[in-house]
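Naming follows writing order (A, B, C and D), and every chain is counted from residue 1.
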Amino acid sequence: MDFAPSARSAELTARVRTFMADEITPVEGEVHRDIARRRESGEDRWTPPPILSDLKARARAAGLWNLFLPKEHAGRYAADFGTDGGEGLTNIEYAPIAEAMGSSMLAPLVFNCNAPDTGNMEVLLRYGSEPQREQWLEPLLRGEIRSAFCMTEPDVASSDATNMAATAIPDGDDVIINGTKWFSTGVGNPECKILIFMGVTDATADRHARHTMVLVPIDTPGVTVDRMLTTMGYFDEPLGHGEVSFDDVRVPASNVLLGPGRAFEIAQGRLGPGRVHHCMRAIGLAERALELGVRRSLERTAFGRPLAKLGGNSERIADARIAINRSRLLVLHAAWLLDQGRAEGISAEAVSAVSEIKVEVPNMALDVIDLAIQLHGGAGLTDDFPLAASWVGARALRLADGPDEVHRGVVARIELGKYRG
Amino acid sequence: MDFAPSARSAELTARVRTFMADEITPVEGEVHRDIARRRESGEDRWTPPPILSDLKARARAAGLWNLFLPKEHAGRYAADFGTDGGEGLTNIEYAPIAEAMGSSMLAPLVFNCNAPDTGNMEVLLRYGSEPQREQWLEPLLRGEIRSAFCMTEPDVASSDATNMAATAIPDGDDVIINGTKWFSTGVGNPECKILIFMGVTDATADRHARHTMVLVPIDTPGVTVDRMLTTMGYFDEPLGHGEVSFDDVRVPASNVLLGPGRAFEIAQGRLGPGRVHHCMRAIGLAERALELGVRRSLERTAFGRPLAKLGGNSERIADARIAINRSRLLVLHAAWLLDQGRAEGISAEAVSAVSEIKVEVPNMALDVIDLAIQLHGGAGLTDDFPLAASWVGARALRLADGPDEVHRGVVARIELGKYRG
Amino acid sequence: MDFAPSARSAELTARVRTFMADEITPVEGEVHRDIARRRESGEDRWTPPPILSDLKARARAAGLWNLFLPKEHAGRYAADFGTDGGEGLTNIEYAPIAEAMGSSMLAPLVFNCNAPDTGNMEVLLRYGSEPQREQWLEPLLRGEIRSAFCMTEPDVASSDATNMAATAIPDGDDVIINGTKWFSTGVGNPECKILIFMGVTDATADRHARHTMVLVPIDTPGVTVDRMLTTMGYFDEPLGHGEVSFDDVRVPASNVLLGPGRAFEIAQGRLGPGRVHHCMRAIGLAERALELGVRRSLERTAFGRPLAKLGGNSERIADARIAINRSRLLVLHAAWLLDQGRAEGISAEAVSAVSEIKVEVPNMALDVIDLAIQLHGGAGLTDDFPLAASWVGARALRLADGPDEVHRGVVARIELGKYRG
Amino acid sequence: MDFAPSARSAELTARVRTFMADEITPVEGEVHRDIARRRESGEDRWTPPPILSDLKARARAAGLWNLFLPKEHAGRYAADFGTDGGEGLTNIEYAPIAEAMGSSMLAPLVFNCNAPDTGNMEVLLRYGSEPQREQWLEPLLRGEIRSAFCMTEPDVASSDATNMAATAIPDGDDVIINGTKWFSTGVGNPECKILIFMGVTDATADRHARHTMVLVPIDTPGVTVDRMLTTMGYFDEPLGHGEVSFDDVRVPASNVLLGPGRAFEIAQGRLGPGRVHHCMRAIGLAERALELGVRRSLERTAFGRPLAKLGGNSERIADARIAINRSRLLVLHAAWLLDQGRAEGISAEAVSAVSEIKVEVPNMALDVIDLAIQLHGGAGLTDDFPLAASWVGARALRLADGPDEVHRGVVARIELGKYRG
């Protein structure tokens, strides 16, 4: 057993951290204030600020680009798009990099490693046809366009994917799409050009063979972004979460991914590494929150002592340190299990591990960020610090990609299965 | 021991609930959407919507007006401004009414019972001179103007009030005011005309005799609302929380409340009932959240069963019911203790009780609302339901009027005091 | 609403507290050490120590005897057996007395108010025939004999009473009893003379009409106490929890309570007040634990400060105070609801309230006692303090009279029922 | 990063598990019942049952003996006493073995790997003189005698070691020892022959140079085991926890370990690996509890479904799985950090890690075991299952080797230190 990262992982993590400290952290406040100002004045605040394009160009030039590309699927893209040496990283190698990026809301965008684009690129990489890759994957990898994933629906409990009501019905050489999706992250951004839509094709098929994923260009007639949603009071510009209606949308059958009825197969493959990324980023968030909280507790004084010395504050800081450390190890272990499974498919242990982190990490992050907010007093609730927005991001993560309850169900099923006759 | 409310309390509670169901609930969504639309389009969204004035007029006509007026201080105002029969309510009588109002963000405004105006009116009632009352209390009681309370400061840990840096220095017949305050709730609203400012007058005086409260009309030269703050993305229009700077602001000495150096005396009197009101409203919030959560859990189905029947949901609903009930009783008991203390001053038991509810209730409400959010899935985070805004309101309450940690300190000090030699 | 106890309740509570301070507390340690010594040396430790008989006589002489007797059922026994003035107490009047007694493991025995005898006496009072009362209730009320309740079984999940396998089958003028029961509290004590047995009479009857309660003298042939059980190492002498087998035990049909198939009816009536008693006693336990913990935290010093001033200790003490206070109010409210229901039967609100306290209070007590143990260091785990035994008593209460999960189920069912179509 | 154990660690873990399944598990119940029977009948129950000697001989013959011996200190003893190949194991290699052993209360004794003997042997190994090793270490390694560690005192808060009142005063060629110690684990056992005593030598010296450790044969005049203590209701035979008084006990100065005033130095070296062992064993306990709980939840039925399917049980089982997994990784990481520090001393990160696991693991184990108890109903509190005793063992671990609060203090100090100027 060895807890030291590989040399390559350590080196890339260090370079990402340096880039962030030198290039991203100094402008972060400015970017957020600019968006806030635009929102206040009723201006467009969805177009990313120009500084973001500059940062992306610099990150790409520095070879800190598309680092999420998975070793086993990166193929020819690894060499072309960013990662040095011509191959992608394993999950366990990428994990500490994701943590580093996660400490900033801006960084994942800068490094072309933000959700949902990473997951969508991975889908195209693994399951896309050659023409699909050329048309959509390559500009995504170059950071020229953005994408969204249209799965969750407002009118059903989407924690049970079989509840899905939207449809993708073959019609000659086309597929006709109808329904309403929401929490489609990224559709606020004018750079968002392509949607991965999931809908029912054959409601009479086996439970996991009913659904199809289809590539839908956002400018296809019948596609409407009805509104942008808030989470708590945030719109999360410049990506945003949209409600999108599909009204007799017609795309060529060649836009289907993998084949009709194979959406669950794709979803399974997409979600493991994606959840590891989400969770490692959430650990980065929690680390940054703890740092801010500790600094504040040392700087501010009440009743003649720094906050850190008052009441239970130091014990809560200790608990936060423990919580972050144990969560990080759980995610790293899950990443490692996913890596082990490359050849023979994913083990039950890895499936459980991915659900375990999906429950553990967002809840841990919420507790740590909440502590940091409390240590900041009222300031912690404002946008003078990234804490409030971080908390909301972590809260959303308890629902995104399956709510806690569904993941606890997966873990329990596997645990009970060990002892069932 | 008798847990039945007085006939008068029961009757007023019932009338408030009926008024809310008939008049407020039907328009609530519209009001929020109108403010959201104005915010989106960059229009002024701080001027209250006209419907609010109508509702206020109707509430006043119905005798459901200024019900917060405390029996022991209401005096001549009780008969004039709303409460029938010519006297105010005790804390224990008002508590269930506050709970009823608290289930809606709009209702306290409609009934002229919203913070911080209630607290400010109570200060003027108890400590204001006759001219101060005429000038400010009466229009406040009529609902013609709004007020704010300027105490917390951005640059110090305001949980320790003695950290306060802003000053109120006598200068001949005037008082000169300097400093920066924030989380001054209500200053966004153009109807806000008067501020109660608290600052240091004599830093060398005894710890609790240094500070003075002064009435400062918001249009006094030198008063600037620098910016409106967000709490987790929300601006809480039409009241809002502002950062307000005071730059050599000069007001007549007759604007001082009670006398120089007597701010702590006023603050103590102001806070007990105010915290009971806050907490009862938070219980109303929690009850509404639980109702929404339970309804959703019965309506939505996953894996073939209503959410209410899945996993731990029903147990969590039971825990929420228990948590609300025990918190409510704790607040009612605190209200009763405050009522007992009217003659001989407030007992240590009552002081502890008020701090106990200030810790207990917001945390309870957060748990219950969070459960309701989780039961709603992503929808719970949007403004399609009042849950996200409610959660943020309850979160702010863990900091407003003293953070949890300060109140735990009060409770502990009194508990330890029982056994100290 | 009025939180002051009735004069009678206040006066009896004060007298019970005085009696305990004067007579019971001074000898408690000695009693426990005597039992421990007898256990160590292999002597009989089930016969109550003689001091207990003396204390009982004195309590009876002082009129502090059988105070649990419920107002609505006490009838002629109230005047004869202890409560002055000729009538029993309401639940809300008795509750503070139960709390007072609960702070000592010995006191309920001294005042003839210990479980399960109180519940058994109440059953006989409400449902016993005149001969049954004469034979068993009267010596119980005089404190001459003890009783046990034989319901839970080792071989089934007894949280679902319909799982019960033991049988009570009519045979001519007799009833024949078979099966094994355990956690029959009191059977270790040689003074235990009578068992209330519950078994299946007609497995084909309606779910709640299958079971019968029968009075079984412990010396009936076929009744064997197979062993005494430990709970976390404790035997709880001199009562103890036994496993009891019934092997073709034959008793006259006149020993049946109320009638064949009516056991559920009796169980329902027995459990409401019994749970209030249990919970109030547990609050007494928690109060005593908190007092011990606070005293210790003030007496012991580490790192130059009393424990009370270190880290989160004072905040935890504050949380314990809050937790006890809110739990007590919840129980008092439940007691009051039970009293309201005397005429027209028990309301759904009261049923929920009783289950709410059954979940809330033992868990609260465990937390508070655990804190007190921690403040005592290793000493808290020994029998030098009553904390370890108190913790185990409270832990058992999370299972006795229905586990938490069953009671949460009751609360949830009633809560969901409010919104079901 | 690699989470796979070394081949040697994996192989030894497997052999230990097999030995336990084949030899220990089958007789465990019998051993406990035998001790219980002896206790009930007043017989000596401190002499280990003969089966224990047999098992030890078999374990030793199987090469599963003294596996705790640390690689860097095992030296010549590694080859002689058990571990094959002539060298000890690293912490990370031994950790999974300790987990395996920890699932049984008996196993650590069988493998000569139980606390406090392992810690004491390690002290002798690292700090003992050659004659001290010959006289005490070698028979300990052979399992012929047992030892105890006398540090904690009943009259002071021993969480602050500088509170210690017992003394070890040089007097010519001797050292004279006075004072009272308690929670000296192992002194109940007649095989316990040697005590490591810690006391104050020079109260005026620097805070960490006042104390001395001395080897005191238990039969030295003036040493008295005053009584055996219970934890909850358990005596933990055949080791037990004793209160030991030292009354002018005189031993030769050559019995001093390392030198006068050097006790803290020794304590530091002793505790890191010891805490890793404790925590890994606690993880073994938790795993066994979860297995028992899950099995019970599948076997027992209520309301027509297995317990596993009722209410929140499956979610709680999932949470337990998550909690165990994350705790295990935290301990393994701490073990690895200790291994990294072998050359250059222990890093602050490792010091923090050891305190982190000392807080995390016992609390986690308590939660998991408590769940398992709840799933067993009343049976979980009896000694029909190892759960009650396991819970008590884990509870004691929140106090032994430093209470949670002290370890949180260590973690907080290191965390705050990162940001202090």
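Here is the rule we use: a residue touches a chain if its C-beta (ideal position, glycine included) is under 8 Å from a C-beta of that chain, and two chains touch if they have at least 3 such contacts.
The UniProt protein names, listed by chain, are A, B, C, D = Acryloyl-CoA reductase (NADH).
It should be emphasised that the depicted structure is a prediction, and the values quoted were computed from it without experimental measurement.
Participant: Suppose chain centres are the mean of their C-alpha atoms. Which chain sits farthest from chain D?
Facilitator: It is B whose centre lies farthest from that of chain D.
Participant: Hey, which pair has more contacts between C-betas, A-C or A-D?
Facilitator: Comparing A-C with A-D, the pair joined by more C-beta contacts is A-D.
Participant: Which integer distance in Å separates the CA centroid of chain A from that of chain D?
Facilitator: That gives a centre separation of 43 Å.
Participant: Distance between chain A and chain C based on Cα centroids, please, to the nearest Å.
Facilitator: Spacing between the chain centres: roughly 54 Å.
Participant: Enumerate the residues of chain B that touch no fewer than two other chains.
Facilitator: Chain B, residues with two or more chain partners: 311-312, 314-315, 405, 408-409.
Participant: Inside the complex, what are the residues of chain B that reach chain A?
Facilitator: 39-43, 152, 154, 156-160, 163, 182-183, 229-235, 300-303, 307, 310-313, 373-374, 377-383, 388-389, 391-392, 395-396, 398-400, 403-405, 408-409
Participant: For chain A, which residues are in contact with chain C within the complex?
Facilitator: 311-312, 314-316
Participant: Quick one: in the complex, what on chain A touches chain D?
Facilitator: So the residues of chain A touching chain D come out as 1-6, 9, 92, 290-291, 294-295, 297-298, 308, 314-315, 317-319, 321-322, 325-327, 329-330, 332-333, 336-337, 352-353, 356, 359-360, 405, 407-413, 415-416, 418-420.
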